[in-house]
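The following pair of complexes shares a single chain, chain A, combined with chain B in the former and chain C in the latter.
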Partner chain A sequence: MTAIMQTGAPTAAKAVPVLKRRSPYPAWFFLPAAIIYGLLFLLPTLASLYFSLTRWTLFNSTFIGLDNFAQFMREPFLVKGLINTVIYAVITSGLKVVLGLALAVLLTSQIAARGYLRSVVFFPVLVSTVGVGITFTVLMHPTQGMINEGLALLGIDGPGWLVDPNLALFSVALVDVWKGVGLATVIYIAGIVAIPQDYYEAARIDGSTIWQSFLYVTLPLCRPATVTVIILSFIGGLRTFDLIWAMTRGGPGFASDTIASVIYKQYQAGFYGLSTAGNVVLFVLIAVLVIPLTMWLNRREGHE
Partner chain B sequence: MTKTSRRTTLFGFTAALLAMTALSSAASAQSISMTYLIPSGADGVAVAEELVKSFEAANPDINIDIETRPGGSEGDNLVKTRLATQSMADIFRYNSGSLFQAINPQQFLVDLTNEPWQADVQASFKQVVTAPDGTVRGAPMGAAMGGGIYYNRAIYEELGLTVPKTWAEFMANNEKIKAAGKVAVIQTYGDTWTSQLFVLADFYNVSAADPDFASRYTANEAKFATEPAALRGFEKLQETFEAGLFNEDFGAAKYDDGLRMVAAGEGAHYPMLTFATTAIAASYPDMLDNVGFFAQPGDDAASNGLTVWMPDGIYIPQTTSNLDAAKKFVAFVASVEGCEAQTRAGGASGPYLINGCTLPDDVPPAVTDMLPYFAEGGQNGPALEFLSPIKGPALEQITVEVGSGIRTAADAAALYDEDVRKQAQQLALPGW
Partner chain C sequence: MAGLELKSLRKSYGEVEVIKGVDLSVEHGEFVVFVGPSGCGKSTLLRMIAGLEDISGGELFIGDKLCNAVEPRDRGIAMVFQSYALYPHMTVYDNVGFGLKLAKTPKDERDRKIREAARILQMEHLLDRKPGQLSGGQRQRVAIGRAIVRKPEVFLFDEPLSNLDAALRVDMRMELSKLHHNLGATMVYVTHDQVEAMTLADKIVVLNAGVVQQVGSPIELYQCPANLFVAGFIGSPKMNFVPVTIESVGAGTVTIVGKDMSPITVPAQTSGLQPGDEVTLGIRPHALDASQSGAIVGRVQLVERLGNETIVSLQLPSKADWLVVLDGDRQLRIGNSLALDFAPASAIIFDSSGLARHPAPQALGE
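Entry: the complex of A and B
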């Protein structure tokens, strides 16, 4: 061992100067980007760390140590909001993976009007989230909404999609999937198109069925696309706010509150220090959940 | 284009700009231009436009531009941000009472204590725009409001009901209305703020039973959960839900639906603040005579009285560069001509807080019903938010839960007490 390390050391030492070769561009080229990054990102982040430790009225602030974090953890609905956030992220990212992959397989096969269907699937991604939220709020109205009126024609008594506390979060999650599945589909289409046709031909010669080709060729080879879709939609789900706010405002009561909506409500109420503390909590939560997830997904990919 | 000629062009352009600026400032030397920030909403904008029009007619050298902002807590943040960044309009309209205290009036608003028109402003209003140092910083904008219950007079007539003086009578009326196959109580949780009325409008009954509640509440000595009188508001909401009196779509209906339903007789009762009279007059003018109003009844007929909301104030921020003109406008709003302009634009919705202002004879029934509470022998008292700076921000979600059967009244009151603690700490009140 020691011997190997000793013999290895000189090589590394020799390699360093090569890596550290002067860049052809002077260091001050970094300055514009560094200033923008520092002013618009680093400074506010550090300031928010400080303000999360204060009771802040915008006009003045009092240092109160970790009281905001204690208060935030005591928020009666924080625990519920945390659970809701995770449920929401899992549901939306799970459904986006399944539906996105299914749609992508369909839209890469030889079907009529393929280009048209691809744009139809992608179209909801382009629409404003708040607009989608308001539209679906109208569609999901318990008595006058088009969804329940349609169900009534079939003799089904539709539920109160957004006003039933047990259902509200799931209704919003479904709308999120409807709106976001187009993006997942596009990522999957790109992944599937990149798989060389040779593999499918080889599989066919070996006598594989369509289902087997999907299971043993398409699925493993579009893993990078799956990783991207999961990470993007999981982070999106964790910090989701706009759709929830447009559709239920966390209601009825607190039934569909997520961390982001809890934070926003603290901000709205003028508890600026408390809501900043909430943002720090959200930042930590996303980091704690997503960094291991990314590492795990990427490691599996590397091993194959 | 060479470098030199480009520079010359640039120079010429700058010179032209400078000349234009000089011209326009010369023009504004003759007339003063000011901005007036108000919350958006059709009726409020109409009133502001009428006020500005009448004021400009009398003061041709002053020109006022109306700016609008969102209402609710979004608007609160906007007002605080503009004050903190010294970019507030020359005059602005904002709530009085607890929200007024939260914008740091002492630091940001011009002291109006010694303006001559203050002599005609009623003391009950001055009290709610007084900064902690005892100076008055605003003038009343709009009429006093009551919190109570709108009722459909046609339904009352048809079923032979009388206006209830106690909660038991109210519930008995509700049962009869329900038995007749009609919606007895309208609730509109699509706009969550409308869910708070049963609790907030019960405050006259709270203070009738417990006169010191507000001060003990501010001092962290009295709680909603532990004072039976205060808990009643939450219980009343729970009772109406459990009796199955609500409209079918109460979870999704909005404020405007509520107004339509009570005006058109789709429902019998709608708990609301009387500013809604203006909105009903604007949207359903031909049904306005169908709508009556009464105070939220307590448990004792002898102490039946109205919970009163003070109107918004108008304020001048210290950053204004047109102080004299701004003061002139505020004086106009706080004058009899000001009241008349407001009535012209929005109709009368209640008594004004300026001495000498009168209401026209043909006010709608909902306003007529409200006046006895203000007359001799009538009983009224301010809502809690004018007696205490503390109002918990989550009340509307909590009352939605009670009104939807998700949470019991006792549990909700305890949760609200917890919510209130944050506000008290934010305001750095002693004893919290």
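Entry: the complex of A and C
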């Protein structure tokens, strides 16, 4: 017995450093991805941090400290843009959660043409955002658009979807939800399908109605899907640009401007350093909002 | 107070019939075990009783009530699932009380019932935990707690012990037996483990391919299996079978002969049997004993010495593999031949259609 322990101990002592020392071998697998990531992501990120501190004309740049940030913050429509961005993100992610879950519940139940309907719901995700934007701009035309003409048939005087300053941002948000809800639905379908049938059967034997099964089984157990949908669509909402630009260009006036469209306008005007500073602000805004949100959602999840 | 009455119950999925007309009556307070190999329809039958599967034909009575179209919650049943199906986001307390909450039981009454169930199952200290923090055995207990808290007329268990390790399974088996004794409720239990069936059941229902093979008490099934399937399924180790030919038919006996044995006369129900008929001889491993003058001689293939008994795997001249359980510790060499003897009354003759030819009771008594 002691002999075994004596011979056993030195091997164990030797084995520990061997385990701890890292072999360079795995690094070779990591390297290609690291180079691509470094060149295409890290380098531009760091470069943009630098350029945000310069007056930059693409060909030469002068270091001016935080002036760009100061100027960006003084932009009259910036505050409006900031508020719009947050409103837009909250509306789109909220609607995507609610509608995505509702559609996913519908599309996982025993209904006819389920597979076909799943493709229908997902299809808008595949269409180009600009194409969607242009199409809906036509549909939402205040007098000749199909939506208002349809409403007129019902005797309803349709609003100026994209021309009413109080409505434009919400109209674009609705189109964003139409386009993006398919992805949320797919995530929810995956989450719902992963819930073992036993839970529903146990609930049914315990006397649960369909609504109670949804409330006590589906909803809590597809929480990971909810977290994913919220985070993805919230970030997507905060950095939205293409749809806004295709539909309203931030207008009427600055009514539907978001940070991204403000930045783009600076960029168009040739203020490259300024717009880069705007991007840094957007980056910080997303980080400040999303990191605590993620931590909160995941903490609740881990708690369960 | 509720028994069960199944009247030619059928279930088909499209063209495929999985339950082919089951008739069964279960008295109140009985512990009934459905046993059979995978895919025999035992779980489907249980789920039909639970109301989780529609009934394609026949009638199901729980108590006196025809339940074919009654919702699960109104059947007065509770079910324990193989996976336990405990809601991972709820504490044990909430899991156990879930059914009561849905039934809008007042909070203080609910609390009292949950604690009562926890006391019966000795899991009061687990009430604040979530299922993820429990061991397999504890989860099992919670799943049972969720069933008993509703005070159902009939308990349904779907292979509840199959996810537990062997030692825990034995413990839980005893606890279930005690629980049945204490609650006095009707219990229907599905398992593929014939030892579980033998130890727990008042009544075993052996199923194969959607057909009831035999219904009876464990000892009845062990001693008088109705056919080859039941004989092979009930009893551990499995019954040995060997094809033999009838040499002569006597009064309540047949004399059989086969490749592996000299002629032996065994009691059997002889009607319709004739000399020359091919039949099957079945002998339980425990009924065989080593004997110099034994009628059956085989070659020792494997010896498992368990101390209190020795399990020998033999190959007969016809290449049939047999198991023999010998009392006590025997030292046998692999490759040696071993002669076996058995009491004629312990042998069972199965006719060509697989039905057992048990001798008339007086012949058994001899």
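Remarks
Rule of thumb we're sticking to: the second predicted complex is superposed on the first by the 276 of 304 C-alpha atoms of A that agree within 3 Å, B and C clash if a C-alpha of one lies under 4 Å from a C-alpha of the other, contacts with A are read in each partner's own complex, and residues count from 1 in each chain.
Everything that follows uses one rule, which is that a contact is a pair of C-beta atoms (placed from the backbone, for glycine too) under 8 Å apart; a residue touches a chain by one contact, two chains touch by 3 or more.
A quick note: this is a predicted structure, and the numbers were derived from the prediction, not measured.
Shared-chain residue A:126: touches no atom of chain B or chain C. Of the two partner chains, chain C is the only one that A:220 touches; chain B does not reach it. By the document's definition of touching, of the two partners only chain B reaches A:142; chain C does not. Contact with chain B, but none with chain C, is seen for A:250 once the two complexes are overlaid on the shared chain. In the superposed model, A:57 makes contact with chain B only, not with chain C. When the two complexes are superposed, the chain touching more residues of chain A, out of chain B and chain C, is B. Touch criterion met: A:162 reaches chain B, while chain C stays clear of it. Taken together, the two structures place no residue of chain A in contact with chain B in one case and with chain C in the other.
If you check the complex, the residues on chain B that touch chain A are 73-74, 76-77, 80-81, 83-84, 102, 104, 107, 189, 192, 248-249, 251-252, 393-394, 397-398, 400-401, 404, 406-407, 415, 418, 422-423, 425-426, 428. Here chain A touches chain C in the complex through residues 196, 198-199, 201-208, 212, 216-217, 220-221, 223, 304, going by the rule given at the top. Within the complex formed with chain A, the residues of chain C that make contact are 50-52, 71-73, 77-79, 81, 83, 85, 87-89, 98-99, 102-103, 130, 146, 150. The touching residues of chain A, counted against chain B in their complex, run 55, 57-59, 62, 71, 74, 76, 141-144, 160, 162-165, 249-255, 265, 267-271, 274.
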